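This structure is in structure tokens; I'll ask about it shortly.
Letters A, B, C, D, E and F name the chains as they come in the text, with residue numbers starting at 1 for each one.
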Amino acid sequence: MSSIEQGLILMLVGVSVVFIFLVLLVFIIKIMSFIVLRYFPEKEEPPKKPSGGAGSRDAEIAAAIAAATAYSKQ
Amino acid sequence: MSSIEQGLILMLVGVSVVFIFLVLLVFIIKIMSFIVLRYFPEKEEPPKKPSGGAGSRDAEIAAAIAAATAYSKQ
Amino acid sequence: MSSIEQGLILMLVGVSVVFIFLVLLVFIIKIMSFIVLRYFPEKEEPPKKPSGGAGSRDAEIAAAIAAATAYSKQ
Amino acid sequence: MNIGSAFQEFWNSTGVMNFTIGQVIMILVGLVLIYLAIAKRYEPLLLFTIGFGAILANIPIAEISGPEGFLGIFYQAGIANGLFPLLIFMGVGAMTDFGPMIANPKTMLLGAAAQVGIFFALLGALVLNMLPGMTFSLADAASIGIIGGADGPTAIYVTSQLSMRLLGPIAVAAYSYMSLVPIIQPPIIRAFTTKKERVIKMEQLRHVTKLEKMVFPIAALGLCIILLPTATPLIGSLMFGNLAKECGAVDRISDTLQHALINIVTIFLGLAVGSRMESQAFLTFETLGILALGLVAFAIGTMTGLIFAKIMNKVSKEQINPIIGAAGVSAVPMAARVASKVGQEENPQNFLLMHAMGPNVAGVLGSAVAAGILLAVVPVIM
Amino acid sequence: MNIGSAFQEFWNSTGVMNFTIGQVIMILVGLVLIYLAIAKRYEPLLLFTIGFGAILANIPIAEISGPEGFLGIFYQAGIANGLFPLLIFMGVGAMTDFGPMIANPKTMLLGAAAQVGIFFALLGALVLNMLPGMTFSLADAASIGIIGGADGPTAIYVTSQLSMRLLGPIAVAAYSYMSLVPIIQPPIIRAFTTKKERVIKMEQLRHVTKLEKMVFPIAALGLCIILLPTATPLIGSLMFGNLAKECGAVDRISDTLQHALINIVTIFLGLAVGSRMESQAFLTFETLGILALGLVAFAIGTMTGLIFAKIMNKVSKEQINPIIGAAGVSAVPMAARVASKVGQEENPQNFLLMHAMGPNVAGVLGSAVAAGILLAVVPVIM
Amino acid sequence: MNIGSAFQEFWNSTGVMNFTIGQVIMILVGLVLIYLAIAKRYEPLLLFTIGFGAILANIPIAEISGPEGFLGIFYQAGIANGLFPLLIFMGVGAMTDFGPMIANPKTMLLGAAAQVGIFFALLGALVLNMLPGMTFSLADAASIGIIGGADGPTAIYVTSQLSMRLLGPIAVAAYSYMSLVPIIQPPIIRAFTTKKERVIKMEQLRHVTKLEKMVFPIAALGLCIILLPTATPLIGSLMFGNLAKECGAVDRISDTLQHALINIVTIFLGLAVGSRMESQAFLTFETLGILALGLVAFAIGTMTGLIFAKIMNKVSKEQINPIIGAAGVSAVPMAARVASKVGQEENPQNFLLMHAMGPNVAGVLGSAVAAGILLAVVPVIM
């Protein structure tokens, strides 16, 4: 029954490491949250930054171009 | 002119099978419609079920989360 | 220092061709614009054509089908 | 290497110094296709991309359609193996409403009758072999015939399996004639029908239930599996998309097939098909034959659709307007609109669109079935 | 070749003449999966595509799942190499809110406890080897166990790396049980908890800041890199998507992962997985074993999640409602909803959804970690 | 195998036990890129994905960037063969408005002048060979020079064809400096122009008709075909997208190029480029040289653009504000915005944005042309 023995070993290693991993992650999150909340607290209602990189920049440019074009047609 | 003979054979087989196929499909549809209309008639105005699987479920969850978050901030 | 010589040659060829290319493009655009503006001036406010090929045709059909279906149910 | 020889080297690598006359002509052909796509709105999505692909494929030195070029990569990824037309077919399935066909199933036979054009063109190709410069094999002839299916993805799929060398001209012929349907069909319709027939009014189609629409794709695929397995890649893809649309449970899939996926694949497919339009393959006497045979296929398909409708009227008491027989060639939804328009010109109270949609979508099935037969039989009897 | 033999040839190539009984059964299995997807809404996106793939793969002659068939192409492109499940995971990451988990990190341990089911099923597979007709290698057993991870992409990824021959049944079992969670879990929850436990009310979760949500994916990936590199393809993809969502700077990427890309990949993945459901691979005694073990895995995972929650209540002063332990199996978000529903039945004032989301998404991490362990250790000790 | 040795085996496969110092540093580099993307919004789409790719590529054991890893698959699918940058270029074409350039074509020459930086950096790389540890071949030098093109896809395309080993540092340099344009350019603009020049007011651009915008991509591609076939993959892709946008007949294609396709490809491209940032390839003295040369290229390109504008003012009676010469480097649309902003600081009535867009998009053409020259000449003279 060597194969079942292998399975038992795998189970032991597996369950242990899953728990070790998530326990460590619990600590990491707690430390992380502690640091973030203490040193980088959220500002009240941050103004929504434009996001999307190229997308929004393109949109800005497009708006500017549209405006300029409309202007130049007057 | 063996090649044209082959073409004629292909034509005969082809036209026959296309017709056989669609004639059979006509019968199948008629039988299918008969059964469906008799045994599974459409209910009047079925209430529109949520569709899209994961998508809509995610949306529900998102709504629930949003609601809960909003609630918890009060 | 043959490699730097190669670089200098590449620089000379490169800068020349970039300029030749864009100078030619300037002339081509000028000629193109002259012809277009003289012989194919823009009509005032062209009516917006339906675009998107299959897409819009499908939409038309869909609308027609919807209309016909609604009609046939009366 | 000095400056002079560097410029010389550069000059030798310019297009001017390396053009063949064939490449110049093919670039002009590409421009014509783009012009037709933009100015005439002839199948714009496909003729635009095919035309652009043709231009890129005929640029000297660049080898864009070679195995390392980016069009060559598209070609290998989805044309050589038949993948792209099948993905398109999934999207077509998700956009197709088989309701009008289910409401009046006997009009499906018109979609069978109109496929006769396929086999006439096939035969025509073999007859054309008598002309010098035409050497169409049976596989070539079958691929040419399928132009008469009036269905782009089917034509590309069959040609990719049977006669790759003719892909360029066949695809161009298929899409061109599909967009010329409003020009090709009306005179044929008027020639083969009487005024009295054209004003026949058809009663409104019954309502088709959601469940019927959901069972249909399964039933049609089932029949195809039993009778014609070689057609199942095409019919299976079509019915996958159609069931996804009708079942209402997988809207994300249905939407994706109809939009993101079909759009992306159309770009790749069009460019890759265009990349097969190299001058030595396209500028041949055979291409003229293919264009002629494609027209023949469309015309005969239209005719046989009309004639079969008239025969059905002889046999059955319920009269159908034979104009809708012309829609059996497929060319969805163009042919159905043409039928509808011609009908309305004769009688403004005549709303044939829905009635023509039945044979129209049946024609898609019909040509997929014909494709399956050709794929099954041609390799065996050659 | 005369007309008769041509028809004979055609007849010999029909499905009727070439079906094996196994293929017929598998097509029926495919239909059942599609039925469950449409009528029961059981994981519709996946069971629909897997079911359709299974039908197409079992069509005689057509060879759609062969190396030249279009399902075979999907398979090679993204299942054999593990790519598709990772792309799905990017989308999952971009749709997941780890906020509830960060707000109450100790509930993550429930997501660890519920993974015990994986290893019980693994062991079970090795025990089943004692039955005749069952020959599960350790790699097979590991792939079967991962069904208990209740996470489709993880199961497909692990199986594609360890035990490709079982991909069909394992994927079907994984997605089926994920959608059966509302049936499987409630009785187990009621059996392993007392009424008094089930009415425990939990206080509202604190607000989690944007920055915490942004640091979390980096921290989790960092831990994974340090401790378990073999899990980084899965966890890395998940955190890539999650960071893209939370950071607010790359909305185009986040949107694409959540919509266009995941939808396209889902279609390909489902069809390709279905294409592995060929009769000789699926219609075996082993498949029954896999289905049974999958159920065992889900049940035991649910149990160990519940029991661990009760143990935590013993140890800690802050009480948690043990129902949320069942959500630790993952099956996001289904298991969390089940927990929430069962809780509300006991006490209408009990809003457990947010609390259950913590263990629920932790369960995704937990099964990815378990996958990493299996991928690291199994090839070594075999 | 006993329990102890199983844990030992596991421990030996952890990241902790297998890190090289180089991998740790590269993961930190990846984090810095992600930080710049998120916090500073430096080319967020690209630096985010490249940074994440760099992290994943430097995880020990996992081999994510190896030929079987998922980043390795992206790399093979679209970087090694140059496909992804071309698809990006199609999307760029579909988002670019050449109108301002057509309205005032002579400003295109500024887009030529600013490419001089490319060749200075090329020369600089060859000069740097005199330092120990620098061994740039001519192909390497050409790839480094193209950073001065201020155009990411062009840089990646050229480097993938000429000098793959330098892809990581070159891509990072290209995108970093593109986003640093608002910091790099203003002092150079102020240093090389007088107050009097900077307040020059330019008259409004004329209206450009739809037809001009449609003919332009065809004309530009035609010139490229005739003069420089090696640039046609880049210019052809750009003009394909641009014509799709301007023609108004294929909006489905234009939309797809601008959204679904470019977004998907950006994700794959960024991750795949990042996967080339393995420590042994990146952490070299040469990388420092590349970063320095990239900055030189940007600075000199800005300078030559400005100086050429001043020369044009000497020669022509119609005065242009030389600030817009700086926009000739491309870095669309960042450089045009910088020019506009600097102009407005000098004179609030000065609206230079549209005027700067001309040289800006001309700079894209200019660097694609320079790329074509390098691809044509370098393999020959090496």
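Just so we're on the same page, a residue touches a chain if its C-beta (ideal position, glycine included) is under 8 Å from a C-beta of that chain, and two chains touch if they have at least 3 such contacts.
These numbers were taken from a predicted model, which means no experiment stands behind them.
Student: Touching subunit C and subunit D alike: which chains?
Tutor: F
Student: When I count C-beta pairs in contact, which pair ends up with more: B-E or E-F?
Tutor: Ranking B-E and E-F by C-beta contacts puts E-F first.
Student: Can you compute the centre-to-centre distance for subunit A and subunit E, using the mean CA position of each chain? Integer Å is fine.
Tutor: 23
Student: State, to the nearest whole Å, the distance from the C-alpha centre of subunit D to the C-alpha centre of subunit E.
Tutor: Here the centre of subunit E sits 41 Å away from the centre of subunit D.
Student: Note the residues in subunit B that touch 2 or more other chains, in rising order.
Tutor: 6, 9-10, 13, 17, 53-54
Student: Got the subunit D residues that touch at least 2 other chains?
Tutor: Touching at least two other chains: 1, 6, 10, 41, 44-45, 227-228, 248-250, 252, 260, 373, 377, 381.
Student: Could you draw the chains as nodes, link the ones that touch, and say if you get a line, ring, star, complete or other?
Tutor: Here the contact pattern is something else, fitting no line, ring, star or complete shape.
Student: Between which chains is there touch?
Tutor: A-E, A-F, B-D, B-E, C-D, C-F, D-E, D-F, E-F
Student: Quick one: which bits of subunit D touch subunit B in the complex? Just the residue numbers, please.
Tutor: 101-102, 105-106, 108-109, 111-113, 115-116, 118-120, 122-123, 125-127, 129, 138, 141-142, 208-212, 215-216, 219-220, 223-224, 227-228, 248-252, 362, 365-366, 369-370, 373-374, 377-378, 381
Student: In their complex, what parts of subunit A are in touch with subunit F?
Tutor: By the definition above, subunit A touches subunit F via 6, 9-10, 12-13, 16-17, 53-54, 57-58, 61-62, 64-65, 68-69, 71-73.
Student: Can you check the complex and tell me which residues of subunit E touch subunit D?
Tutor: Those residues of subunit E that touch subunit D are 1, 6, 9-10, 13-16, 18, 27, 31, 34, 37-38, 41, 44-45, 48-49, 52, 55-56, 59-62, 64, 68-70, 73, 259-260, 263-264, 266-267, 271.
Student: Which stretch or stretches of subunit F touch subunit D in the complex?
Tutor: Where subunit F meets subunit D, its residues are 81-83, 86, 90, 214, 218, 221, 225-230, 232-233, 236-237, 240, 243-244, 247-250, 252-253, 255-257, 260-261, 373, 376-377, 380-381.
Student: Could you list, by residue number, the parts of subunit C that touch subunit F in their complex?
Tutor: Residue positions touching the partner: 3-4, 6-11, 13-15, 17-26, 28-30, 32-33, 36-37, 40-42, 46, 49, 51-55.
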